[in-house]
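Consider the two complexes below, in which chain A is the common component and chain B and chain C are the respective partners.
Now for the complex of A and B:
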C-alpha cells in the first residue's frame, strides 16, 4: 500500500510539468502588455518596455518556462501583473473561502443526497421515493445561478433573513451559497445513491442476509450501502475537485472572494502568472483528491486493497519458487 | 488501517460542518483586515447612519496618486489625498483646497501658491511646502505621470507655506490640470520612509484615513477627526467589492450598500418607485465611440469611415443599446458644448442609409474589401453595442466580425494598435491641452494614435503652447473641425449616469467629467 502511494505521488511530478507547460504555452500566446496595463495610457513606450523587460517578457518562451519551473521548486510562483503581489499570497488569501464553500456544500449535498437516496431505494415506489425522484429531477433541471437568484430574492430581499452578498456577516454569509450549491449537488448524489442501492439490494447476498434474519438497518447500512459506496466515492471526488476549482457562478452572485472568480478575473486581465499559478494549484489539488479517492476505494473494498498490496506478495512467491528451484 | 481512514473521514466531515459556524470571516489581505466596521450607537453619538457603504467593481491595487490609473481608485484616493486645488463641484473651474490662493506671472511661466496653514497629515505631522515640492518632483519621475509633469521645470519652497512652480512653457489651464487626480499631494516623509505604492505610504491630508484593503472583499476608510475642513459626517466608509450588477442592485435595495450606479432603465424606474429611494441622473462628459485603426485598409479610407458614420442611427441606439440611458451625440466630436474646441463648424453625420451607400461608392472599395473586425468589451454595453453595429453595417453591405475581450484587454489592444476598429467609451478631460493630447495626438491619443491627418500633432502642440485664450480656442476649434471632417472616429452617445441611493443621502455633486465627489461634503438626513 505504501509503495502504491509513493508510486502515485511520483507520477504526479511529470504530469504537473506537462500541465504547467501546456498552460504556460497557451496563456503566453495571448498578447499581454502588463507594462501598459500598470503604467497607464500616459506612460512612454520606453517606460512600458522597461517594465515588461523587468518581468522577463522579452525572453523566449522556453527560457521563461525554465525560469518559472525553477522558481516553483523554490516556492516562487511569480508576481501578479495586476496586483503586483506574489501569486501564492493572493491564491492563499482566496483559498480558505473556496475550501469553506466546498466543505459546507459537500456536507449538505452528501447528508441530504445519501440519506434520501438510501431511503428512496429502500422504500422504492413509496410516496417518499416519488417525491425524492421528482425533487431531484427538478433540482437538476434548475441552473444553480437561477436557484441562487431565487433564494436571494426570497430570503434576503423579501424576508431580510440573510445577507444578499459578501462574507463580512459571519456565519450568515454562508447560508445561501452553501444551501444553493449543496441542494444542486444533493440531487445528483440522491440519484446515484438510489440507483446503486437498488442494484445492491437485489443481490443474492442481501437476500441471504435477510433470510438469515439480519436486522434491516444492519443489512442496509453495513452490507448494501457499503457496496454501493464505490461509485459514490468517485462522484464525490470529482465533485469536490470541481468545487475546489471554484464555483464561479456562486462566487459571482454571492460575492465570495474565492479561487473561481480569481482565475476568471485573471484570465480576463491577461494576468499570466496568476492564471498559471492558480491552474497549477487546482491541477495538483485535483490529483491529490483522486489519490484520496483511490485510498478510500482500498478502505472500503478489501479486493482493491489486496490488489494494491498484491504486487509484493506475488514477487515474494516468485522469489521463493526460484530459490527452491 | 481501515478504521484509521474511517475515523479520519468522520473527523474531516465534522470539521467541514463546524467550519461554517466560525464568526471570523476575514482573510489574510494585504494589510490589517477589518471588513465592515459599524460603530455602535454609543460610539457614534447621535448619528443615525455613521457608516457609508459604497460599491467597487474590482479589486483596488493601488491608491498611490502618482501610480494608479484606474477611475475607481481615483474616486477613492481623493478622499485620502488632496491637491492644491479642486474642481468646483459640477463646474469646470478650480477652487482652493490645500492652496488658499495663487498668483500667475504675466508670461504664464511662474505660479506662486500660498498654502493652507494648520493642515496635518494623518500621522500628525505638518503639511508644508516641502511636501508639494516633493510631489511635483515625484510626478516628474513616476512613469504614469511624468508626461503630464514634464511641463514643470522646477518646484521651489519659498517658505514653509509658499511654493513656486516654474513651467517649461506657458501652459494654458495649468490650474485646472492641478485639480485632477495625479496632482494630489503626498507626504514626503511617508514616501521616503515606506517607499512607493504600498499601504503604509497612504498618509494624506484628506477627510478620510486609509484603514485596510482586503483583496476580494473591499477597502475601509475612517474619518479624519482632525480634518482642517471639519470632521466629516460619515465615520467609516466601506467600499464593498460587488462585481455583479444584479447582486449590487439587491444589495442597494437591501440597504447593504447606500449608493450605486443603476445601469438599466428598468432598474432606474424600480429604484425610483421604491419607498425611501431615489435616483440622481446627470449627463456625463464621456461618450461612447467607435475608434478606427487608420493605418490599415479599409479604415484608412475616409469615405469608408464616413459611410460607417452615416449608417449608425444614434437615436435608435440610445434606446436599443443603452436603454434610454444615453443622449445621442449631434456633432462628430465627443466634446461637449462649453469645452474648448467645440464649435458649430464641426460636421454632423446624421443617420442616412442612402448617404452611407453614396460614401461607399466614393470609397472605391470592392465588396470583399469592405470587411473588418470590431473589438468590443465583454462587459457593460459592449455586447449590445457590437450586435447593433454589426447589424447596421450589414444594412449597407459591410461585413463586420466581432471580437470580444475583457475591458482591460480592449484598452490594451487599442493602445497596442492591435485592433481594426474598437468600441470604447471615454471621459473627456475638462481642460486643454490635456484633452486634445488624450484624444487626437499621434501616437498616444485614444482615437488619433495612427491618424493620417497631416500636421495634426504639430497643430495640437502649437495650440498647447498658446497661452492667449482666444487664439488657443480658435486653434482647437479648427482642429476639432478638421478631425470631424476626416471622420477620424464616430462618437455615438453621451453617457447618462444614474445613481440610486436612499433619499436620506445628501450633498452629492459629481464632477461630470471625472465622476467623483468629496464624501466629506455628504451627509445623512436625520
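Now for the complex of A and C:
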C-alpha cells in the first residue's frame, strides 16, 4: 500500500511539470507587458525594457519555465504584478475562505444528498421518492447564483435572520453561502446515490443477505451502501476538487474573498505570476484529492486493495501451500 | 394432535407478477409436499417457475410486482404466507435457508467470508460469541472443504466452486430444517459439480435436513433426490418418487418422456438427440387447457379446453374445480394429463 502511495506521488511530478508548461506556454502567447503596466504610459521604452529584462521576460520560454520550476521547488512562486507581494502569500491569504466554504457546503451536500438518495432508493416509487426526484431535478436546473439571490432575499432581507454577504459576522456569515452551494450539490448527490443504490439493491448478494434473515436496515447500510460507495467517492472527489478551485459565482454574490474571485481578478489585471501560481496550486490540490479518492477506494473495496498491493495475493498463496503440504 | 409428517406442504399455490398492463402467470395452482428428512427435486426448464416457487417459500419475491392470489405454504404446521416480515426474518437463514444459483455474485464482495458467515450465526444462534463464533465459522468452512484459516479472505480470493462452498456454509450454518438449493451446480464446471453434489448429499445426511433441490439436470435428481416434481409452465405435470419417475416401464407425462428422450444415451446408437419441438408458452399468454398441448405429440381435442376435476377444499370437502388438465393419482405417482384419465368423468 505504501508502495502504491509513493508510486502515485511520483507520477504527480511529471503531470505537474506538463500542466505548468501548458499554462506557461498559453500565458506567454498573450501580449502582457508588465514593465509598461508598472511604470505607466509616460515611462521611456528603455526603462520598460530594463524592467522587463530584470524580470527575465526576454529569456526564451524554456529558460523561464526552468527558472519558474526551480523557484517552485524553493517555495517561490514569483511576485504578483498587481499586488507586488509574493504570489504564495496572496493565495494563502485567500484560500482559507475557499476551503471553509468547500468543506461546509460539501458536508451539507453529502449529508442531505446521500441520506435522501438512500431513502428514496429504498422506498422507490413512494411519495418521498417522487418528491425528492422532482426537487433534485428542479435544484439542478436552477443556477446557484439565482438560488443564492432568492435565499438572500428571503432569509436576510425579509426575515433578517442571517447576514446577506461578507465574512465579518463570524459563523453566521457562512450559513447562506454554505447552504446555497450545499443544496445545489446535494441534488446531484441525491440522484447519483439513488441510482447506484437501486442498482446495488438488485444484486444477488442482497438476496443472499435477505435469505439469511438480515433486517432491512442492515441490508441497506451494511450490504448495499458499502457497495454503492465507490461511484459516490469518485463524484465527491471531483466536486470537491472543483470547489477548492473557488466557486466564483458564490464568492461574487456573497462577497467572499476566496480563490475564485482572486483568479478572476488576476486574469482581468493581466497578473501573470498570480494566475500561474493559482492554477498550479489548484492542479496540485486536485491531484492530491484524486490520490485520496484512490486510497478511499482501496479502503472500501478489497478487490481494489488487492490490486494496489500485489503482495496480499502472494501471501495467501503461500499460506495455502503451507497448509497443503 | 398428530405429529406433522410433512415438513413443507404447498397447497394450490398461484403466483403472478403484475407489471404495467401485463400479468405473468409464473406459478399456477401447484401443490407439493416434502416429508421430513427427504429431498424433493423440482425439475423443469428455464422459466418454468421453479425459482419463483422457492422464493415464495422464503417470501423473498419482489415486493412491487409479485402477487399470491391463492395458496398456502405450510412449514412445520404454520402457514408462512400469514407470517409478517419480522417473523419471516427469524425463519430465513435459521429454519429455512437457501443456496443460490450463481456463486460468483451471491457473496458480498466487500465483506470477508468470516463476516458473511458470522452474520447469519449472530442472527440465529445468539449463544455464539467471540472465540466460539470464530471456532464455529472455522468448523463450518472445514465442513464444506475450505481450510479454516481462509475465513479472513474476501470472495474475490476464491474460485467459483470455493465460493459455492462458502454459500453452502452460510446456508447450513444454523442447521436448517429445510434447505432450498436453487440450481446449486449450474454455474460450476462438471468436475466441481460432482464434488459439490457429493458434499451436499453428505451434509444433508449429517444435518438431517429436508431439501428442495431445484435443477434442470435429471442426473442430479437421480443422484440426490427421493421425490421428483416435474414443472412445466408454472404447473406440476408429474410428481412421484424417484423410482416412479425414472422407471421407463411406467406411465409418464408426455413432457417427462420428452425430457428423458433429450438426454444422450450411450447405449443406443443415434445421430441426434430428440428435443421437444417448440418452446414453452409465454407466461403472459398461457394456452387454454393443458399447458403442454401445443407441443404434445398425443394432443387430443379435450386437451385444448379446461376440464372439471375433483378436488378437496381446505376442510376436506370434495368439490369440482376447473383445471387445465385432470390429475391421475396412482399411489405416490401422479400425472396431470388427459391420456391416463377416463373420458367423461372427473379423475
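Please note the rule applied: the second predicted complex is superposed on the first by the 303 of 325 C-alpha atoms of A that agree within 3 Å, B and C clash if a C-alpha of one lies under 4 Å from a C-alpha of the other, contacts with A are read in each partner's own complex, and residues count from 1 in each chain.
Basically, a residue touches a chain if its C-beta (ideal position, glycine included) is under 8 Å from a C-beta of that chain, and two chains touch if they have at least 3 such contacts.
Model, not experiment: these values are computed from the prediction.
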* Asked: Given the superposition on chain A, are chain B and chain C in a clash or a fit?
  -> fit
* Thinking of the overlay built on chain A, is A:268 touched by chain B (first), by chain C (second), by both, or by neither? -> first
* For chain A, which side has the bigger count of touched residues, chain B or chain C? -> B
* Asked: Thinking of the overlay built on chain A, is A:57 touched by chain B (first), by chain C (second), by both, or by neither?
  -> neither
* Asked: Is A:223 in contact with chain B, with chain C, with both, or with neither (first, second, both, neither)?
  -> second
* Report for A:79: first if it touches chain B alone, second if chain C alone, otherwise both or neither. => neither
* Given the touch rule stated above, what does A:253 touch, chain B (first), chain C (second), both, or neither? -> first
* Asked: In the superposed arrangement, does A:47 touch chain B (first), chain C (second), both or neither?
  -> first
* After lining up the shared chain so the two structures overlap, which partner does A:242 touch, if you call chain B first and chain C second: first, second, both or neither? -> neither
* With the two structures placed on a shared chain A, what shortest C-alpha distance in Å links chain B and chain C? -> 12
* Structure fact -> chain B and chain C footprints on chain A meet at residues none
* Structure fact -> Listed in rising order, the residues of chain A that touch chain C in the complex are 124-125, 203-205, 207-215, 222-223, 226-227, 300-303, 306, 313, 316, 319-320, 323
* Asked: In the complex formed with chain A, which residues of chain C make contact?
  -> 58, 60, 64, 89-94, 97-98, 100, 102, 105-112, 119-120, 123-124, 147, 149-150, 153-154, 156-157, 167, 170
* Asked: Can you list the chain A residues touching chain B in their complex?
  -> 1, 31-33, 36-44, 47-48, 51, 82-85, 90, 92-94, 96-97, 99-100, 103-104, 106-107, 110, 149, 152-153, 156-157, 160, 163-171, 173-174, 178, 252-255, 257-258, 261-262, 265, 267-270, 295-296, 299
* Can you list the chain B residues touching chain A in their complex? -> 1-2, 5-6, 9, 13, 15-17, 19-30, 35-36, 58-59, 61-62, 69, 143-148, 197, 215-217, 240-244, 246-247, 250-251, 253-254, 256, 378, 406, 408-409, 411-413, 415-416, 418, 438, 444, 446
